[in-house]
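The structure that follows is given in the form of structure tokens.
As written, the chain order gives the labels A, B and C, with residue 1 at the start of each chain.
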Amino acid sequence: MIITLTTDFGDSEYVGAMKGVIYSICPKANVVDISHWVRKFDIRHAAYVVLSTTPYFPRGTIHCVVVDPGVGTERRGIIVKTKEHIYLGPDNGSFSFLTDIRKIIEIQQGSKSMTFHGRDVFAPIAAKLACGYEIEEFGEEIKDVKKLEIKKALKEGGAVVGEVLCIDAFGNAITNICSEILNLGIGETVKVTVGKKKLDARFLESYGFGDGEELIITVGSSGFLELAVNKGSASAVLGLKGGEKVVVR
Amino acid sequence: MIITLTTDFGDSEYVGAMKGVIYSICPKANVVDISHWVRKFDIRHAAYVVLSTTPYFPRGTIHCVVVDPGVGTERRGIIVKTKEHIYLGPDNGSFSFLTDIRKIIEIQQGSKSMTFHGRDVFAPIAAKLACGYEIEEFGEEIKDVKKLEIKKALKEGGAVVGEVLCIDAFGNAITNICSEILNLGIGETVKVTVGKKKLDARFLESYGFGDGEELIITVGSSGFLELAVNKGSASAVLGLKGGEKVVVR
Amino acid sequence: MIITLTTDFGDSEYVGAMKGVIYSICPKANVVDISHWVRKFDIRHAAYVVLSTTPYFPRGTIHCVVVDPGVGTERRGIIVKTKEHIYLGPDNGSFSFLTDIRKIIEIQQGSKSMTFHGRDVFAPIAAKLACGYEIEEFGEEIKDVKKLEIKKALKEGGAVVGEVLCIDAFGNAITNICSEILNLGIGETVKVTVGKKKLDARFLESYGFGDGEELIITVGSSGFLELAVNKGSASAVLGLKGGEKVVVR
């Protein structure tokens, strides 16, 4: 049984402790790192990583997602069972984009630490789930997960208005604008307003077609429109951090 | 059988070569990364990672710890068998905090490289141990491991005097002061001297309770007192690197 | 069956999606990270990582190497079968140093994304190969892989002339000069010209013998001459990026 780990622990040893806990409880688990480089404390980024990676895993995979700036406070810990997978972690918006939710459990379990629920709460439960426990054994059912406030991208007149969902590791600015909502031809130039900046950008099939430092837009691997620079960082050029309003016309 | 890897190889390919060596010798091994982001050449940090992560692994786990600024020189390579685990790596202080030591072997084995004993000495031995070799097959017994000079935290008058053990990836300054030696109430403000700086800090249950840029102290996940800033880096704010004297009163 | 991953995805979640795809197709695969910290878009570095790590893996290992600045353009995807291993990835020079090549297949397979062939082309094929498919099922045979233009190191008069192959994670500058071509004694001082700089350097057995900030040369773990600084970064000191001419006399 696969247990994936997604955290903002970065160049930290703490993920090692989580793995030790999991293997001690469930030796047959297969612990797979998705990423430990979610930007620190960045829930938007965590939600995007969950959206863009977890659906590719086999049915039944257990996804442990710990980006947890509120550790020790009253934020809830939850287990979310969807049609195909199980997710667990702090209920802070990391699970905003989950669909096909079948059941949500609020974790009722003490922790020996106040500062590391990844090791002391979520890793042990993930391991027990991998070894056959039912989610209902860890708490009571609740009805909702906390969601980030992200508006849907909308058509307004001749333009599409959305926002920067997050910045990926290459500096590409991933928007919440699905490719279907725009009707662009390859090579077409559009006007893009992002934050306070207005630019022209060509719509290209992939990063590699961009010339030098040109800003391009393309459809990223999750089906969203991205602002990108070939072999460069669009977010560095444009000073983006995520959350900025985007208008494409 | 689990073999864990802890190194300072960071964003380096060298860990890949170690994994290849291990799987070539012992295909059934389960190689688990603890961290490759020990600060380069930082033995104190290596020792803390060993202390804070390896005890969580199952009985019998083999821990290969290679933070090795002295590679190729006369520093010894050792295997340490404790009550529950086996450790191996350069004998440079990385194993300072091991307890319940049952046997220490000085590795007597040549290396085809002078620059990469991780690949050419420690990985092959770890793999052989995982496949059933006894530690005695790799050298002669010795009596001691090299230890870092870290004084015990002590009560002096109304204060507790210790030092910064190391800085973690979030910038928290982990001290060698156990929570039991202090007798603090939640929310209490104490006077902290660290290096040349004097500050007030509230004792809080966890990082998340800190307001903005406030310095707090809390009990970290290994039971030691930490200096921390909520969603920030205490070590950056205070200019700490590890080793500084800490006085709490 | 082991599938290794080598990418320049760095602190990115995209490698998680590749792992999900692989485990969904071939649950019994053992996915092993070699490195995701190839310098972004740096084919020279990718080629060196392939050279210095993949030979250590067991016979039959499948190596998926995705450093792919040309993704979506007309660059080919290939599978290379060597005497012992199978490699696949974009045909951009990453496989320059492979030897004992037995067969090369140009991948003929569509991709649902234009921007992420690692997930949509290479990961699925790697998984299928691990589960028993033959390489011939993915395209037609071709005769050559694309190679980086790297001259062989040569003796010229009393000197050896080569170039900096790449910079490793410790800042060591790895040259293409094999240790056999030079005939140096331990402790001997040689004159090194690298790029526009001329320096004296001692030839030492390993990094750890260097004094403080002294530039040394040593034989690295792949048998090539390296410029190094003990506990420091030679490439930072010398301003090297890879590709610079090196003369040792």
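Note that in this section a residue touches a chain if its C-beta (ideal position, glycine included) is under 8 Å from a C-beta of that chain, and two chains touch if they have at least 3 such contacts.
Values in this document were obtained by computation on a predicted structure and should not be read as measured data.
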Rounded to a multiple of 5 degrees, the Cα superposition angle from subunit B to subunit C is 120
What's the call on subunit A versus subunit B, same or different interface residues, using the half cut on shared numbers? different
Subunit A and subunit B have mean C-alpha positions lying a whole-number Å distance apart equal to 30
For subunit C, write out the residues touching at least two other chains, lowest number first. 10, 33
Can you tell me which positions in subunit B touch subunit C when the two form their complex? 9-17, 19-21, 23-24, 27, 31, 33, 40-41, 69-73, 75, 113-116, 119-120
Using the touch definition from the top, list the residues of subunit C that touch subunit B in their complex. 2, 4, 6, 10, 30, 32-35, 37-38, 48-49, 52-58, 61, 168-170, 205-209, 218-221, 226, 230-231
